Amino acid sequence: MTDPAPPLVRFEGVCKRFGETVAVDGVSLDIAKGEFFALLGPSGCGKTSLMRMLAGFEAPDTGRILLDGIDIAGLPPHLRPVHMMFQSYALFPHLNVARNIAFGLRRQRMPQAAIASRVEEMLALVRLEGLGGRRPDQLSGGQKQRVALARAIAPKPSILLLDEPMAALDRKLREETQLELMALQRRLGMTFMIVTHDQDEAMVVADRMAVMRAGRIEQVGAPREIYDHPANAYVAGFIGETNLLSEGDRWRAVRPEAMTLSTRPQEGARAGTIAEIAYFGDRTRYVVAAQNARLVVSRANVGAPLALSVGDAVWVSHAADAGALVSP
Amino acid sequence: MFNRASVALGLAFLYGPIVLLVIYSFNASRLVTVWAGFSTRWYGALAQDQQMLDAIWVTLRVGLISASLATVLGTLAAVGLVRSGRFPGRTLFGGMIYAPLVLPEVILGLSLLLLYVALDLPRGFWTLTLSHATVTLCYATVVIQARLASFDISLEEAARDLGCTPLGAFLAVTLPGIAPAVAAAWMLAFTLSLDDLVIASFTSGPGATTLPMRLYSQVRLGVNPEINAVSTLLIALVAVGVTAAWLIQRPRRTGP
Amino acid sequence: MRRTWAVILAPYLWLVLFFAVPMALIAKLSLSHTVLAMPPYAPRLDLSHGLDGISAFLGGLSGATYARLTQDRLYISAYLSSLGFAGVATAILLLIGYPIAYGMSRFGAGARQALLLGVILPFWTSFLIRIYAWIAILKPAGLLNQGLALLHLPPLQLLNTDAAVIIGLVYAYLPFMILPLYAVLEKQDESLIEAAQDLGCTPLTAFWRVTFPLSLPGLAAGALLCFIPMVGEFVIPDLLGGSKTLMLGRTIWTEFFADRDWPAASAVALALLATLIVPIALFQRQQAKVLS
């Protein structure tokens, strides 16, 4: 698939160190206009530094960042058409909701009437009609999150940066919010870049994602592509659960759901005993202690249940072409 | 039980002398410690005492100007200390901020006086005002610094992200956020200036006698009901001011 | 970096001019000698004579004033008794300040706020006025002795004694002791005490093993915050003490205003400063720790 349009954002060999620690180590990355892009990695992997460099709060030591083909190194944060939704939301406590949303519009010297109507539009967009007069400390966590979102979207940035936007929400609200965020992004046609350490979240929301480790990008691609064809053992382990089985001098990464469990010996299957059984309602997760390996098998709970208990002897197998071959 | 008793005794110790002083300001007798009935005659006498009124006027002017200077400089110093990380001479700067808080006032007063002598500045209203601004600026810095240190820096970043210059972000977001501390710093500076005797004695000159200087020279001659009266007025002023500030600044209950 | 200096330059220069330079002037003056003139000391730096002026000035400096101070019993006893007064008053402040701060921290949230205001209010009230209030109480025909007479007790001679100075110091500095102690005690997690009791401590051992060790930073801050300025205190010994009560702050004042011996006043000030350097450094380090 080739994309003739130039990328909206291009990182070119970007490096950043803070004192002794290397935060970002030679990252090159393109983000296309209109996509929902996720930077995924554990804390300290450099994803936040990368985002802050795009927003203008940090300057790269080497490398360039291009926005619409133009190097933005010299632009301070307030002149960049890039807005950020902060992890702490950073709602101004002395301003009410409407004035928070209007904050960026005022800096653009938009006429009063236009500001008022844009604020109303934003309140409707995030379903906070009538709450414009509330102070931030009178809002629930989910409401605060939506105000922060509206505030960052209101000035129509060319790209919206979301820094762990759902970290402060509880699980149920987080799942709802993820779906809303995707719908919103599609409706606005705006480019979103989200930073998260939660692989489920990245998989759900993103069109494409980059998996980072120790300042470097390990793999870039669509969630499905990365899940099915992880580039290496690290990515395979970080995105979902995986069984790494040696095959020659490489590893075959096989997802738990691609493994089959049998109570009778099978051709080519590995023998072992059940070590753990965890019931999740829709599926059951078995850990099997085999020779030199702990294998994880996930089995959908449809049809007749397997009558297994801890200590039972089982045989684990997978299709010869299941999963992907990865380098260690 | 023990806790309540110790707090009650502590407060009694702190307030007992002040309460007695206030009560005896309404004493009809010239002898401060012999009760001779209720009277407001000493407040009347105070209103006639031109020297005392002049001293009050000088004190207020010195306090207003020096506290305002100290608050502006203290805000800058606090921002510098909290937001700038390392800069050459940071340790020296921090030392110069903290030292005046703990140094005995006689040393500060003496050193400032030597400066004015060396510069050949005639001592008076302005030397006194500059001296008070110097000492109170350190208190102002510490008060504002404490608030600024706990102020969420991402608010300032959010403002810059939404189009504010660094100065604009400070004025639009940080300053409103630390405003209670800035107000408290001004009040502290004003009160310290109002209260100061030692530094004023060294750095003031003829024609700029402050209220504490005037009170001190009278107190040295013995107790005097007029002093009780002026003290009572000052105490009332401070009590009202501080309580009001407290009620305004008190952490508010947050809504749903 | 440019932005840093834009912010810091004004207060920096201000403090150099009004704090660092004056401190250097004290050091310089302590090496001068008195003359009958205005200002009453020599040598004076005369830059109009160029280098000769500077060398003449440097040649005129001497440590004679310090030599004089170390030989004068009066200065030595003023020095020692300053430390003595401050030490005794700090010890008493710890003993009465701790139970008050602890008691305050055990009240409910609303009451704690009011009590805190109660302790802070006197601190905002004029120092001079609060000391003045004690004169009326302590003087021979004062309120204390009137009270004792009602109880048929013999009168006490307190005003113009060392005891009155201690009372004044304790009274004036009590809020400075309570506030830092209260700050650490109030922050303490109640569940720590519960955990200690759960693990077998009596309430008293829980206090000694958990609460007290955790409150030591506040205790140190309070003690330093009181001790340092008390050593150089002037108003309290002057108004409540007797003519024989010697403290360094008062000595500096007398040398300066009454005896017009500016070099001696400066040398005493420097001796005081040298004594306080260690506690001040300790206090600064502690504050830096608290702020970071």
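Letters are used for the chains, namely A, B and C, taken in the order the chains are written, and counting of residues starts over at 1 for each.
Here is the rule we use: contacts are C-beta pairs under 8 Å (C-beta built on N, C-alpha and C of every residue); 3 or more make two chains touch, one makes a residue touch a chain.
Just so you know, these numbers come straight off a predicted model, no measurement behind them.
**Student:** Quick one: label the inter-chain contact graph as line, ring, star, complete or other.
**Tutor:** Contact pattern: an open line, chains touching in sequence.
**Student:** Measuring centre to centre with C-alpha atoms, which chain is farthest from subunit B?
**Tutor:** A
**Student:** Can you name the chain whose C-alpha mean lies closest to the mean of all the C-alpha atoms?
**Tutor:** Chain closest to the assembly's C-alpha mean: B.
**Student:** For subunit A versus subunit B, what separation do you get between their C-alpha means, in angstrom?
**Tutor:** Each chain's C-alpha centroid was found; their separation is 53 Å.
**Student:** If you average the CA atoms of subunit A and of subunit C, how far apart do the two points sit, in angstrom?
**Tutor:** Between these chains, centre-to-centre, one finds 58 Å.
**Student:** Measuring centre to centre with CA averages, how many angstrom lie between subunit B and subunit C?
**Tutor:** Centre separation, subunit B to subunit C: 17 Å.
**Student:** In subunit B, what residues contact two or more other chains?
**Tutor:** Counting only residues that touch two or more other chains, subunit B contributes 166.
**Student:** If we count contacts the way the header does, which residues on subunit C are in touch with subunit B in the complex?
**Tutor:** 1, 3-5, 7-8, 10-12, 14-23, 25-26, 29, 39, 96, 99-100, 102-104, 106-107, 113, 115, 117-122, 124-130, 132-137, 139, 141-143, 146, 171, 174-175, 178, 224-225, 228-229, 231-235, 239, 248-249, 252-253, 256-257, 262, 265-266, 269, 272-273, 276, 280, 283-284, 287-288, 291
**Student:** Residue numbers of subunit B touching subunit A in their complex, please.
**Tutor:** It comes out as residues 152, 154-155, 157-166, 168-169, 172-173, 176-177, 252, 254-256.
**Student:** Where on subunit B is subunit C touching in the complex?
**Tutor:** Interface residues on the subunit B side: 2-7, 9-11, 13-15, 17-18, 20-21, 24, 32-34, 73-74, 76-77, 79-80, 83-85, 87, 89, 92-100, 102-107, 110-112, 114-115, 117-118, 130-131, 134, 137, 141, 145-146, 149, 166, 191, 194-195, 197-198, 201-202, 212, 215-216, 219-220, 223, 227-228, 231, 234-235, 238-239, 241-243, 246, 250.
**Student:** In the complex, go through subunit A and note every residue touching subunit B.
**Tutor:** Of all residues in subunit A, those touching subunit B are 55-57, 76-79, 82-84, 86-88, 90, 92-94, 103-104, 107-108, 135, 137-138, 140, 151-152, 155.
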